[in-house]
Structures are given as structure tokens and as C-alpha cells.
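Contents: one structure, followed by commentary.
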Amino acid sequence: MKMAQRVEVHRVGCAGPGDLSEVARLIESGELKPREIIAVMGKTEGNGCVNDHTRDFAATQWCHLLAPHLDCSAQQVALQVALVMSGGTEGVLSPHFTIFSRRWEEVDDSASTAKRLVLGIAHTRDFLPEELGREAQIDATAQAVRDAMADAGITRNEEVHFVQIKCPLITSARLNAALQRGAVPMTHDTYESMAYSRGASALGVAVALGECDRAAIHDNEVLHNWQLFSARASASAGIELLGNVVIVLGEAAGALSPYRIGHTVMQDAVDAASVRRLLAHQLDLDVQAAEHGPAFAASRPQTANPHPASRLVNLLAKAEASPDGHVRGQRHTMLGDSDIQATRHARAAVGGVLASIVGQTALYVSGGAEHQGPPGGGPVAAIVRVNP
Amino acid sequence: MKMAQRVEVHRVGCAGPGDLSEVARLIESGELKPREIIAVMGKTEGNGCVNDHTRDFAATQWCHLLAPHLDCSAQQVALQVALVMSGGTEGVLSPHFTIFSRRWEEVDDSASTAKRLVLGIAHTRDFLPEELGREAQIDATAQAVRDAMADAGITRNEEVHFVQIKCPLITSARLNAALQRGAVPMTHDTYESMAYSRGASALGVAVALGECDRAAIHDNEVLHNWQLFSARASASAGIELLGNVVIVLGEAAGALSPYRIGHTVMQDAVDAASVRRLLAHQLDLDVQAAEHGPAFAASRPQTANPHPASRLVNLLAKAEASPDGHVRGQRHTMLGDSDIQATRHARAAVGGVLASIVGQTALYVSGGAEHQGPPGGGPVAAIVRVNP
Amino acid sequence: MKMAQRVEVHRVGCAGPGDLSEVARLIESGELKPREIIAVMGKTEGNGCVNDHTRDFAATQWCHLLAPHLDCSAQQVALQVALVMSGGTEGVLSPHFTIFSRRWEEVDDSASTAKRLVLGIAHTRDFLPEELGREAQIDATAQAVRDAMADAGITRNEEVHFVQIKCPLITSARLNAALQRGAVPMTHDTYESMAYSRGASALGVAVALGECDRAAIHDNEVLHNWQLFSARASASAGIELLGNVVIVLGEAAGALSPYRIGHTVMQDAVDAASVRRLLAHQLDLDVQAAEHGPAFAASRPQTANPHPASRLVNLLAKAEASPDGHVRGQRHTMLGDSDIQATRHARAAVGGVLASIVGQTALYVSGGAEHQGPPGGGPVAAIVRVNP
Amino acid sequence: MKMAQRVEVHRVGCAGPGDLSEVARLIESGELKPREIIAVMGKTEGNGCVNDHTRDFAATQWCHLLAPHLDCSAQQVALQVALVMSGGTEGVLSPHFTIFSRRWEEVDDSASTAKRLVLGIAHTRDFLPEELGREAQIDATAQAVRDAMADAGITRNEEVHFVQIKCPLITSARLNAALQRGAVPMTHDTYESMAYSRGASALGVAVALGECDRAAIHDNEVLHNWQLFSARASASAGIELLGNVVIVLGEAAGALSPYRIGHTVMQDAVDAASVRRLLAHQLDLDVQAAEHGPAFAASRPQTANPHPASRLVNLLAKAEASPDGHVRGQRHTMLGDSDIQATRHARAAVGGVLASIVGQTALYVSGGAEHQGPPGGGPVAAIVRVNP
């Protein structure tokens, strides 16, 4: 007899960033056990940039919802559950929460040793504003990735398929406090600080997973040397925390979860072919069926299960405006648009691409893919239910 | 001996809405003959909404460019050439101009009678603000469509594959003038007036092409009865004109143009399958080759020809946020976003979908598909070069 | 011996829409008694339009903060306390909450009978989407204003100086539900529904206060006949409620509150003169001192009291883009701006005007003044501390 | 007999960035002589940021309008006339052009020696992207200011009251070209490059006018040391040029112009008092009359002369969001707003403040006041007609 991990994944819609009524129903019905929840990855409908308070709002609502179940204060919930809210559901993207719960079960020695979904979480310490975007953040993140791999029961780098990080940004208030101390942050621009924080976090993942050589990375590579990247990192910056939260998603032999996970890299924002190959070849999904599946009637409840022919739970993807200003050799206008931030453009476009592949719009597409995949592209992971 | 039509199509990039340097080079080289240009369909990089002056700017530059060649004033150019500028290149979309030129050549009786691309243009009279979005605009548009079909040499409705219309909107100044006359426009909202004008124009196309019964259409169907639509209409509203300009694109037997055109309807914003079928089955395009084609280097000139494996000249498509607030049964947030207009979201998403199919981003994707295709979907036409 | 009303007003800053730390400190110190709070008027930093979730977020935080003090659930707090959150702090405006608390004290017959600040609150029933912007909303609002006057102890219309209303808007979801029932809302546009709801609410105030003749008002006057308006109404639309909440602010003889309130009407968005007259002549405030007061150091806590020379607690004002497209005969561009909603422009401009008069930026400036003051102008009330 | 300068100033409205119909009328009537025009300062209605093509559009229209009068090509007009288009008319601000024309007249020795308006212009060479925001731009600008002073006939620094500069920004295309050359621009962010270019230009003015010691300025002071500023510089960045254009406005004894000019500095965005003092004490304007003047009817032509009681021609002002995040000690939200750029907020607020002082909205308020006045404040100049 030994213990094996069983991960359950629920994808749940909402009517707004403060609406957890569907989650509450799952808890009441017993289908979702609050004490087993270890991570929530949400897409909320704000602008995904500096002043997107929908992330904070949703996280706060999760804390209020779970506190009585966890016998702790609302503030303490965030210490126990990795709450990663990513803002921005531009275009067809649909706001939703992906809820990961986990429990350990006894299995006997004859149990299957097939690879199945596992996950683990970890936190870094809080960062000072001047540490963001620099080696301090890179190293602390790399260590947290290793901690989360241990928590997940993953021992080999290649079993990691997606590392989700929530990282801080520099607000005006934090900037001024730092400047008064004589500190020199990487940038004075609040929006740009999000990019630095994401970039350094991604390089931390790359170091932990052996994708980049730590010795080759210095402060001035961040947001400059685009040859350095992780093919599995996904980082979202937000105003609601001061340290990094790390979620490692991967596979381990013998886990009991009824899911598999795989990953690929979109080479640019319109690279549907790579995603289709991931689904068809690595995860054995009938892509034709997924795409052609009958459209859901508008009146169908948002939380209904996806088309039965499709076993896809979610795609987890990063999107960005190609930093050289071109996609497939043709000029784009995302970087010079002072009305709509480039990350919003990128999520809308990549969200359309991915939704057209899988026939579903409640997808986790996060903007700003600095050092996350090649310039203009980004990592994509897919979680699929295994055939019974 | 008889006369046959030869249409040439150039797709040309630009560095900004006022940049026609590449067009000037084509003229200087003799490849493009100014006197043969009869229509230009541009995508310019403004917001595509009420205060998008990039449309007017681009149209003005075209007038200044062509005036000396046409021996007329800049103002008179717009009377001779159908200049349709559609604003909004959100996401991966790339600003560009599609230039249609036409000449008549003698052919002998043994010439091929294969169907090839033809086009024609027509104008309506100027409209009063209170006529926009109502039967007056519908009827005048229907007549102009018939006129443009005659100009194109098309006699049968099914030979029409795309009808592009540029139509007016109601500005604050026009609204106040109308109100002072005691007139009652369909709306007092400038942004909403664009939707009414596009909707009535599309219904005019539907009437002309026999897709809707004229007797069934009254003022109050416009923007209300979504069962009424044209599968071939594309309407863009703009501040720079007071009447409708109509461009009919179709096929006629015996034309000499080295292009074919076909059309389909996207059933919703992520319906890639319909477009792939159009390209593969109607137009004999190797979709796999197009999508997988090698990415162009960023340094490659924007006006370079597309991947040799692809013969696609352009896709002409309409995009809109589904009016019921859902795509494939899941909630979208485009209609309630007060920071980004819904048409901008829709272009970004559909632009991503289409670019991922054809591996090219200089596509004509226009926002606001009221009565143009089914609710949430829209017509798509493809122009492809025939194999020599 | 008889009972007299004492109203206390606290104006409190915040670091974000979810930050009530300063309020919590006031409660802990005993300066603010939770059970005496009857109304909160907040300015939160969202866009103030349809998808401004900062209003809902702030209101939710207030509910969680007060629930343990009121021995009720968070949801029930909103039934006891009038929480009016107005989004949008464009330009120099500073997010803050104005908290009204009230208690009744015994006074003997020799007490002063000077006029002092009083207030009262009331609620309407919930509205159906198709009732918004129509007579149903007007009449229910008028009755609620009368109820709130009674609650405030005000018997004469001229003693009312400001009526703040929070009213619902039509979301995409509510719209679709209504359409499926066969109902016909005033508009299908979510942003425009805010204007209809504010307009009808303001007309309800005008009827209750005798500023307009009820018999002269029909559905089709709403947002059309700008001659009908209240000089004392202020309405904010929000996603977080389905009925109107009404707060009446006025003066009554013998109240114990250490405040006076007065009102005026800005004739247009730059009419500083009217506000200066209100402060100097009605409320005996030294306007020169207020404006010239020494600038506060940036490091000074946001909640510090204003310049000692100024006794101003807050200005409560409505702002709008002049519907005829002109201010002082010169064209403005607010109504045709598809990147920034007109209400945001108007708040920024009027916020600048008012802050330059009183030397303070934490002002309650609310956008969208339909039937609230003359077209392009709006009511302004001032609350000032009486000299001891 | 000697020669004296006569400057004429016309302020002219427009219906859009491409509308010069009113200017054309002034030329046709003979009131404005094209060959005497030496500078135009326009406010156009774009976003005033990177992708504001209304500036380029307006400048292009001016070139096409003047070319036949100046017997040169449209491109050559910009070399003869200083065309400074500043984008952004947020809030109440009204788009308009201020046209400066100049001629030299013979005067006898008994002519008045009173100080009157004079102006001069100069150009720097084109800059490389990596020179923007650095000493190269500072020094070239300082020299151009001295050249423009000589052109204006001004010999003493204190006679200079306003220096308007139009300066370049870094586009994505220019950035990539620079990076490929191995150059290191100050920033990779197109929006931020506007701030660097404005800041260095302003420091160039400060050096030329003796407001800052050249030896104390190095590259790393730009956008960091806010103690260094000019009280008379106004810089606008735009996409349409590669070098700086400089316009010096001042006074000289014996000039024949019927105008005076003076300047002050707003200490923060709501400092109306400084402006009122400038008008009343330096320029002898009846501020009460200006503010209280009868409102113009909406129907009055936009180009009508201002209220007769007011002799104000225009205010020329810079506006910015205070970089410490506070105005008068209270938090503002302009710097963290990812939906509306901070410069737009600032123009809207300061535009409201100034319009409320002078009762007129066609004011030249330009955003981004880096090193132009103290942090959060900015220079303001006023041009007034002298009493006959």
C-alpha cells in the first residue's frame, strides 16, 4: 500500500468578477470539497493591466467564500490556496475559474503507473520594488519552482508541462516609497513594471527547468535578450501581492487523476498548427470533432460541460504582441496603440485563434509573454480528460 | 471579336494611414496604371469608430496621389474611384490597401469562358441623417447594387460574391442640424448611428440579391430582426461621405482576370471550418500549405508576395460581437466593455482566427456585421490567383 | 425636551477600491460608530461606465466591514445602509468615501433653531429592465424622495439641497432576459441604458420637489426634452442594484449637526462663478483662502484634514458633456470620442474646475447629468462645517 | 527710417483635423496672407499619443493648402512654415489653429518703443533615435532656441515668454532600425519615448535661457531630476518629424504687433490663482469680465471673435499628471490608468481649469510637461490684444 495523488479540475463560469455562485453550488452539492482546493486560475474581465481591480475583487470573493470552510480569516485563505487571477477576456474569451483540488489516496502495488496530472504550489518571499525584474526575483522564483515540483511529486524536469506564476508589479505608491529610500527600480512606469516582473519570473522558471543557464543571465538580459526563454512558463502580474506564487502542473506515473497534460509552443500569435499537433498527437484528442462540434445554444447555462466529443478541460496559453512589430513579415499596430494596451490586443487575437481550434471560449489566455516562449509566441498547455 | 474585362488586384502595405509610397512606386514602375484604378479597399489603423480620422486621412492621400494622373482636382478623385477605407487593425491585422484596376481588352471568339473575377461600382445619392438606418437607405442601396452589377457585367445574383459598401454616419453636427429642422433620426448616439447605417445598407444588398423579401422589411426591422441578413454584404460606416458607395465583386464567364472569388458565411466568430472549406473546396487552395508556410522574416519588405505555396490575394470578412452576449454558449464581455468598443474586440478576434488559417495578417476584416451574415457571424469572401 | 438630529460627515481617502483601512481605523478609535452610519457616497477609480466593477468591489468591502458590527450578513448590510458608489476619478479627482452617520439626541426647548444639515434615505422597489427610463421609474423615484424627506425630517421642498440617487442599468444578460419575455426596453445599448436610468430618476426628483409638473412628463420626454430638469438631483447608474436608492440632503431648523449645506447650478462645465458665489454668499466660506491655501506636501497622509482656512467638507456635483456639442459656443469633441466615454471627459474637466476653486481634489463629481441641471451644466451642493 | 516687425495672430476653429475651410476663407478675403505665415500651432482631436494621426493629417492639409501660394511642393511647405500640431482636446478643449504671420514695415524714428509681441523660428538637424532624450538633443535644441531668438529680434533672455518645440518620438520601426545598428535608445517603449524627447527638448530651452546650468545636466538627469526645468518651455512630441522645430515667442521694444505676451507657471494642475495674477497684473486683463462674459449661443459660428470684454487671443499651457501621484496632498489615479494615458487626463483637467478662468475653450493645452515647469505644474503664456 502507498499513497497516490488525485487531482480534480473544475472549470466554472461566472456572471462577473464578484460572482462565485456557481462555485458555491458545487461546494453545496459536495462535488467540490473546499479543503481540497489548492489552486484557482481565474480569467477576470478587467483590462489585465495596472488598474485592473477585477483580479483583486475576484480573489477577495474567493477568500470570503472559503474562509468559513477553512476555519480561518479571509486574509489567511490566500496563504493556503494559490489564487491566480489573470485579467483580460478580450474578444471571444469568456471569464471563468479553473479550480484544482487534490487529495491523497491509498493504492495497492498493482495500480496503474500511467502518467497522469499532478500539481504543486510554492511561494517566494515578498520582493522590494527594486528587486522586480532582476536577479533577486529570478533566483527566488527558481527556488520556488523547485519547491513546487517537490510538492507535486515531480522529480524530472521533463515531467513539468506548465508553470503558472502570479507576480507583483510596481504601483505609484510603491515606486515613490522606493525612490524615497534611494532605491533604483528597473522602471518608473507602472505598466512597464508588469513586463519586468513577468520576464524575470519566466527566467526563474527557465533556470529551474534547465532551459537556460543561470550563469548566462544578468539583470540586463531581462526584456532585452529574447533568446532566453522558457517554453513552459506563464507569468501574470497583479497589484494584489508582493511575492511570487508558483503553480507547477505536470505528470507523474501512478497518479490517480483522470487527466493528462501536455504542452507546446506557439511560434507566433497565429500558429494554430502547433496547438493542433499537441492536441492530436500528444493528447489523442479528435481535433476535427472539437472544432466542428455543435454550437451551444445561447440559452444553455454557461457552466454546462463542453461538447461531449471534446475532452478538453482547458488550454493555458500566453499571448504577446511580437516585439519586432511584425507577424509573418507584416506590420502590426499593437505596440504603438496608445488607446488599447498591447497585451489586450494580443489576448484578443490569440483567444480567437485558440477558440477556433477547440470550439470553446472559456480559455486561460494570459497576456505579456516576455521570456515565455519565443518573441511574439508563447507556451500553450492543454489539460484533457482521459477516456474512461 | 468582342471586349472582355480584365481585373488586376494589388495588395499593398503602408507605414501609416498617410503613407502611399509603395503605391507610388507601383505607379512609377508602370505595374499599376492610375487611370485603370476603379476601387480601393483599405484597412487603416484608427479605432474604426466615430472619431477615426485615419480613414479620411488615407482617402485624402489617395485623392492627392491620383489627382495629377486623372487630370482633376483632389476632391473630384473620390467621384471617379470608389475609396472604401475601413478603420481598425486590432490584434495581428496589418494595415494595407487592396487596389482593384480594370481594363477592357479585345478577345476572339475562341477565348476561354471560364468564370473569373469582375467588379463594378455605383453610388447612391447623399442621405439626410434621418434617412440613415431606414427604408430610404435600403432602397437606394438596393438600386445601387443593381447598378454596380450592371457595371460589372454580372447578370445573375448567384455570380455576386461580395458587396462592399461604404456608408455615412451621424456626427454631432449633422445630428444637431437635423434636430433643428425637426427631423427624427433613428438614434442620437453617434456610435450607434454607424450600426444603423451599416444595417440598412446590408438589407439593401439582401433585397437586391434576392436574399430577403423587400415587402417584409420595414424601418423597425433594422437592428431588431436578425433573421434578415445578406450572406454577401459588407458595410463600413465612415465620417467622410454622405451617400453610399457600392462595390460589387463577382465572377463572370469569359473575363480575363487571373483571379477567382468565392464566399462563405462564418456562423460565429470562431467558425474557422467554414472558411477552410471555402478555400479548399470552392477555390482549390492548399490550406495546409498556406497555414504551415515558412514565417516571413521581419525584415522582408511588407509588400513582398505571400508564400509561394499560397495563392491567396485577400480575405474580405465581417466581424461582430454576438448580440446575445455568448459565443458557443459561453458569455463574452465585448458588449459591456466601455473602454474598448465591441467592434474593436470583434475585429481582433476574427482577425486572429482568419490569419491562423491563411498564415497572413494583411486581411480585410471589417467590424460591425449587422444584417451581414447571421447574428455573431459574418460573410467572408476570398480572392485567389488562378494557377497559370 | 425633544429629540433632534445630529449628522456627522467623514471624508476618507483610500488606496484602492477595496481599501477601507482608514475607515476601520476610525471605527476602532471610536470616532465613527458603525451603527450610526446611514449612507456612504464613494468615488471609486473605475471607468464609471457599464463594466466598472470598482463600484461593486467597494460596496462589497463595505458590507464585509460593517456586517459584524450590525450583526447581520454582508448581503443584509446593503439593506440598512445606503451605499452609493460612483465610478470615475478622472483627471485630478481623488478616490474617497463620504460617510454620513446620524443619531438622535435630546435637546431642551432653549436649543438653537438655526438651520443645520439633515439627511434621510429611502428605496424604491426593484425595476424591470423595460421600466428603466420610463414613467414607472419616475413615479417610484418621486415617492421615494418624499419618503426620504420624511426620514430626514424635512417638510418643505426648498429645504432640500441635494438628492443623490443610485439607479440600475441594463446589462446584456438583463436585456436578453427582457427581450425573451417580449418586453421592449428603452434601449438595447448597455452604456445608453445608464443615461436613461439617470434621466428618469432625475425627473422623479424634479416631480417630488415641484420643479417639474408631473402631467407634462411622458416617456418620450426622457433624454429628449432638456428643458425639464431638477436643480438638485444627482443620479449615478450602477450594475450592482435593481432598484433606486435615494439619499436626501437638506437643512432643518434645530438640527444639531455642525454643518450647513447649500446648492447652486453650474450653467455649463466651466461655470466656476456660480460655485464661487454659492460658497461665498450662501455658505460664508472664504474662497480666496481656500484656493490660495498652502499646497499639502505629498507625504502628508491622505486623510488629513483640509487646509484650516477652509471649512469645506465636500462638493457634490454632476458633470456632463454638453449635448449640443459646444461649450461657450466652441466645439467640443467629447460626444464623438469612441476611445473615452463622454462621461469620463466631463468628470475630468469639471473636476479640474472645482478643484481649482477649493484647492482640494477629493470631490464627489459624478458623470452623466441628464435632466440634472440644464443641458451641459449640473447641480452642485457644498457641505461646510459651521464655525464653532 | 528703420524696419520693425509686425506679428498678426489668428485663432481659427475647425470641424475636424482635415478641415481648413475657415483658413481658406481668411486667405480668400485677404485678411490672412499665406506668404507671411511663419508658424501654426494647432490643437487636433486625436489622443495626443503615439498613434495620433490627426497631427500628421492636419499638417498635411496645411501643406496642401499653402503649397500653391508658396510656389513649392506640399513637402517643401513644412520647411518654410513651423507647423506644430499638438494632439488631444480632452474635456472641454476645442480643436483650433493659432496662426502667426509676420511682416516687416518701415517706421520712422518717432515710433512707439513699447514692448510688443515678436516671434522667430528655427530647426535642429534630424536626430537618431538614440539621441532622443539625451545631451545631443539638449544641445541642438539650445542652439536652435538661440537661432530662433535672433530670428525674432530678441536679445535678452527675459524677453522670451514661451518657447514651443515640436520634437520626434521613437516608433517601432525606428526602434528596430536603431537596435539592428547596435544603437541603445533611452527606451524601447514608444509612448515613453515621447516623454524623453519632450524632456530633453525642455532642458535645451532651459540651457538657452539660462534657467539651468549646462554643466549640471547629463543624460541621466532627463526624466529623473525634476529640479531642473524651464518656466517657458513647451514641447510636443509627434510622429511626423525627425528633428526639433522651435518657435520663440517674446516681446521686443518697438515692434508694431497689436499684442502683448506674458507668462507664469502653474505650480500644480489646479493652480488657477497664478494664471489669474498673470492676466490681471502683467497683462491688464479684466478677469472678472472674461469669466462672467455672456455665454455664446451654441449656434454662433465657432470662429466668431471672443467676448468683446475679453482681449485674450489664447493661453498656451502645459499640463501633466503630478509624478508623485498626488495633487494638493491627495492621491490621483492618472499614472496607473491603463485605459486612458496620463497626458489625456492632465489635458482634460487643466483645460477645465483654464477655460473656467477665461470663459473660452479653444485653448492651447499640451500634455506632458517633463522639465517644463515644476513637477505636476507647467508654464502658461497668454497672448492678449492691446487696447487700441
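Lettered A, B, C and D in written order, each chain numbered from 1.
Following the convention adopted for this analysis, a residue touches a chain if its C-beta (ideal position, glycine included) is under 8 Å from a C-beta of that chain, and two chains touch if they have at least 3 such contacts.
Here the structure is a predicted model, which means the values were calculated and not measured.
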item: Separation of chain D from chain B in steps, with touching chains one step apart; value: 1
item: A-D compared against A-B, more contacting pairs; value: A-B
item: Centre-to-centre distance between chain B and chain A (centres being mean Cα positions), rounded to whole Å; value: 38
item: Between chain D and chain A, distance of the C-alpha-averaged centres to the nearest whole Å; value: 47
item: Of all residues in chain D, the ones touching two or more other chains; value: 15, 45, 47, 51, 173, 176, 298, 324-325, 333, 339
item: Touching residues on chain D, where the partner in the complex is chain C; value: 13, 15, 45, 47, 89-96, 267-273, 291-292, 295-298, 300, 302, 304, 322, 324-334, 339-340, 344-346, 348-353, 355-357, 359-362
item: For the chain A and chain C complex, residues of the former touching the latter; value: 15-18, 45-46, 51, 53-54, 56-57, 60-61, 64, 74, 173, 176, 239, 298, 339
item: Residues of chain A touching chain D in the complex; value: 47, 49-52, 171-173, 176, 188-192, 223, 324-325, 333, 335-339, 341
